[in-house]
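In the two complexes that follow, chain A is the common piece, with chain B as its partner first and chain C second.
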Partner chain A sequence: MVILFRLLVFPGFLFLFFSAMLFDWVDRRVIARFQERVGPPWYQPFADFVKLLAKEDVLSTGAHATAASLLPVAALVAVLTAALYVPVGGIAVASFEGDLILVLFLLSVPAISYFLVGWISVGVYSVIGGNRSLLQYFSYEVPFLMALAAPAALSGTWSIARIVAYQGQTSWGLLMQPLGFILAMIGLVGKLKRDPLDIPKAKSEVIAGPLTEFSGRKLALWHLAMEMQTVVGIFLLVNLFVGDSRFFGWLPQLPVFGLKALALLVLLSMAAVLYARLRIDQLADLGWKILAPLALLQFVATLWIIGL
Partner chain B sequence: MSKTIVPIGPQHPLLKEPVAFQITVEGEQVIDSAMRMGYVHRGIERLCEERTYVQDIHLLERVCGICSHVHATTYCRAVEALIGVEVPLRGVYLRALLCELERIHSHLLWLGVLARNIGFDTIFMYAWRDREIVLDIMEDLSGGRVSHAANVIGGVRVDLTEARREEILGELTFLDGQVARLLNVVEQEQSLRARTRDIGLLTLEQVRQYCVVGPVARASGLDVDFRRDSLQVPYDRLTFEVPVHDAGDVWARTLVRSQETVESLRLCRQILEDLPEGPTSARVPRRVKAGQAIARAEAPRGEVFYYVRSDGSDSPARVKVRTPTLTSLITLPVQLQEITMADVSVVLSGVDLCIACADR
Partner chain C sequence: MVQVLESLESRLRNWTQPVVRWARRKSPWILHFNSGGCNGCDIEILDTLTPRYDVERLGILKEACPRHADVLVVTGPVTRQTRDRLRRIYEQMAEPKWVVAVGSCSCSGGIFAGGHNVVGGVGEVLPVDLYIPGCPCRPEAIIDGIAKLLGKI
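And now, the complex of A and B:
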């Protein structure tokens, strides 16, 4: 009964769904306020979701129908499964030694699905967007993985819960590995395809990228998967870099966790407000010439510190 | 890699007006481009021949939705030259004031469109917010935010009271501050520069060869500005700089237009401060003598040219318009060479296309 509750309600599906809606709204609202707009009301993400579910589901002739239906589900399932292993305020549905690796693997599945959905489409914008998303994946993923492996190496465990516990004994990962945190945040922006790294779906270049020709339920599922991925990605970074809740020991853990997650979300929103979109070759340069060497440096420094 | 043709337009999020490009790409690399226009051809030049001189003012004001006033003004100046009537100085100043306000509004609008197309929505929102101030001033002046209907043959039909003049000066001071802040961001922001530098290159020779005018020419080092070169009233009495840059890329065009916005603000202030007393329009004889005349003016996108021929009847026998966008359009095949797919949006935004102007 407890496990069913955790799976479906908290911190499982329902909690994740409402978090996704809340994060989406906060994100849009914060960006709007930075840009001197008003922004949408709180129920806008729900309204968008319901509206898309009710709309006609059109598929362009020549696109692979089965794959088109399966890919958004695959992305959503991968994100939901990853969420099971990411603790929320210390509570996770499941946990084992090495769950960080599983979560990182599962969080790559949406990127692959996103590329494939461009590949099976017949539209030229979808194909270009799909290719771009794969190139982007290769640019951000290596520094992102190395930045996330560093806390694991430092605490000597691949379990997210134990990394959090290790931070409880020492200090925030953010303070011990500030460079790693910045790299992980940049990697997350790339992973979530948010501004300014929304290259695969750049409106003025490829309309909406791989999702150009999708509508109705499939598009709704894609949006939900992407929004949930935002939540899971942010939760993961909160655990790895600001996991320790000692500083706020007198407060219940869960609201503190929520506030930390929202703080990271606002950082992401600010990045979206502050920069112009990069070109794909500029991103590849950034990823391989700056971020990857920095991540390597950070990782070697971590290993050196462990060796001391 | 196989070649793919990417259609951009007639409907595309990148374009604000209908025009079609077919971009041939190999992966991300653009290897060829073709253009098709004429989607907003309304036959305005022909329609002018069927209407009277007075009706044509309103028709020609609708050539363009951004630089509407300069079209009407240039047409009126051509007809005034045909009739041989002198516009009172106050009328000339008020026309110039609207022209300069229109330039600020056009350049801010363009900055917003460029920023939007490279995914920099914040600058887009800020530029268009500040542009509202200009639109409000123009609405107060003439009653219209886009089409002002301010011109009559022989002058303008709008006038300013002393109190209103002071108010507009105050609003301009506020706008000065806003624009300075915005342009500071534009000049300092590295990601904007990274996207626009060395994109859409046009050399000075190419600019001469294609007869390019306006900010695009000035960004390639060609020092032309009809306002200064013609010694036209009232610009011969006002002091202003003509910003010129040499790089010839979209970044240089951004700088030229940004600095022009500041210069236009300076001009507006001078015009309002030196505004001469007197009537705003002259009495004009009812008949237009047979003959022909031309008029030119510096529109926000460059020099606009009008030719009017009269056969002595109520309607002109011929009205020919040459808009500055046309000269920029024919350079696009050159600019679209050796760039990537992502830069197409930058190039197309950089020349500040006004398709409605070019198609008429």
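And now, the complex of A and C:
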């Protein structure tokens, strides 16, 4: 009974769905406020979702029908499965030693399906967008993984819950590894294909990237998968870098966790407003010439500190 | 068995219909197409999308791709060159879809009516749901028109 509740309601599917909608709204609203606008009302993500669900589902000629309907489901399922292992305010559906590796692996499944869906939907823009998404994947993923491996190395465990517990004994990962936190945030922006790094779906260049040819239910599922990925990614970073809530000792865990997650989301929205989109070659340069060496440096420094 | 399922489905549809209609009213994504105007109306549409008028309050987003859009906003008279393209873009959009003609030209052909290369207003080619006259029409007029269209949905 408890496990079913956790799986379906909290911190499982329903909770994730509503946080995805909430995060989407907060994100759009914050961006709007930065542009001196009012922004959409709170029900906007729900309206968009329902409208897309009820729209006609067009498939272009030549596209692979089975793959087109399976790929968004695969992305969504991978994100939901990853969410099972990411604790929310200390509560996770499941956990084992090494769940961080599993979560990182599952979170890269949407990137692959995103590329594949561009490939099978034969449109020119889709294929270019798919190729770009793969190039982007190779640029951000290495620094991202190294930045997330550093807290694990520091606390000597691959279990997210134990990393949080380790921060409880020492202090926030953010304070111990500020560089790693910045790298992880940049990597997360790349992973979520959010604004400064939305190269695969740049509107003025490749229309909507791999999703150009999709409408209706499939598009709704893709949007949902992306928004849930935002939520899970942010929750993961909160756990790894600001996991300890001893500082707010007298407050209940859950609201504190939510506030931290919203703070990270606002950081992401600010980045989206402040920076213009990079070109794909600039991103590759940034990833391999700056971020990856920095991540390596940080990792080696961490190992050195452990050795002391 | 089949009958039971069918009646169940129609009942479900009756229940969800108000929600779906609400969602459509609250989230019209537009696609902008210039079928041969002088660019005046296009600039007014871009004005409408600027932070000053902030149409995202009404859930309006500008999409770049016909498949994602709900409302096709056409400016300018339909020329013989763009006629087939306009029709094809309309056909690429997913149902349900609406067409809005912005500017005198797209309503009737405007000052270009009768030209050797001009077919006429958008109404000659597509079923238009809403005409917004003006040369060019002000952003306020466009927002007012869109609001009326949303009321119709």
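Quick note on the criterion: the second predicted complex is superposed on the first by the 308 of 308 C-alpha atoms of A that agree within 3 Å, B and C clash if a C-alpha of one lies under 4 Å from a C-alpha of the other, contacts with A are read in each partner's own complex, and residues count from 1 in each chain.
Note that contacts are C-beta pairs under 8 Å (C-beta built on N, C-alpha and C of every residue); 3 or more make two chains touch, one makes a residue touch a chain.
Keep in mind that what you see is a predicted model, and the values were worked out from it rather than measured.
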item: First (chain B), second (chain C), both or neither touched by A:Glu36; value: both
item: Which superposed partner A:Asp198 touches (first chain B, second chain C, both, neither); value: first
item: Contacts of A:Lys51 with chain B and chain C, given as first, second, both or neither; value: second
item: First (chain B), second (chain C), both or neither touched by A:Gln253; value: neither
item: Chain B versus chain C as contact partner of A:Leu219, first or second or both or neither; value: second
item: First (chain B), second (chain C), both or neither touched by A:Leu274; value: first
item: First, second, both or neither for A:Ile207, with chain B first and chain C second; value: both
item: Which superposed partner A:Asn131 touches (first chain B, second chain C, both, neither); value: first
item: Which superposed partner A:Ser95 touches (first chain B, second chain C, both, neither); value: neither
item: Set intersection of chain A contacts, chain C complex versus chain B complex; value: 35-37, 125, 203-204, 207
item: Sites on chain A touched by chain B in the complex; value: 31, 34-37, 124-125, 127-128, 131-132, 195-196, 198-199, 202-207, 273-282
item: Parts of chain A lying in touch with chain C, wherever the complex brings them together; value: 28, 32, 35-41, 43-44, 46-51, 54-58, 125, 203-204, 207-208, 212-216, 219
item: In the complex, chain C residues that touch chain A; value: 16, 19-20, 22-24, 26-27, 51, 54, 56-57, 59, 63-65, 67-68, 70, 92, 94-96
item: Chain A-facing residues of chain B, complex; value: 4-7, 12-14, 25, 27-28, 115-122, 125-126, 129, 189, 191-192, 194-195, 340-345
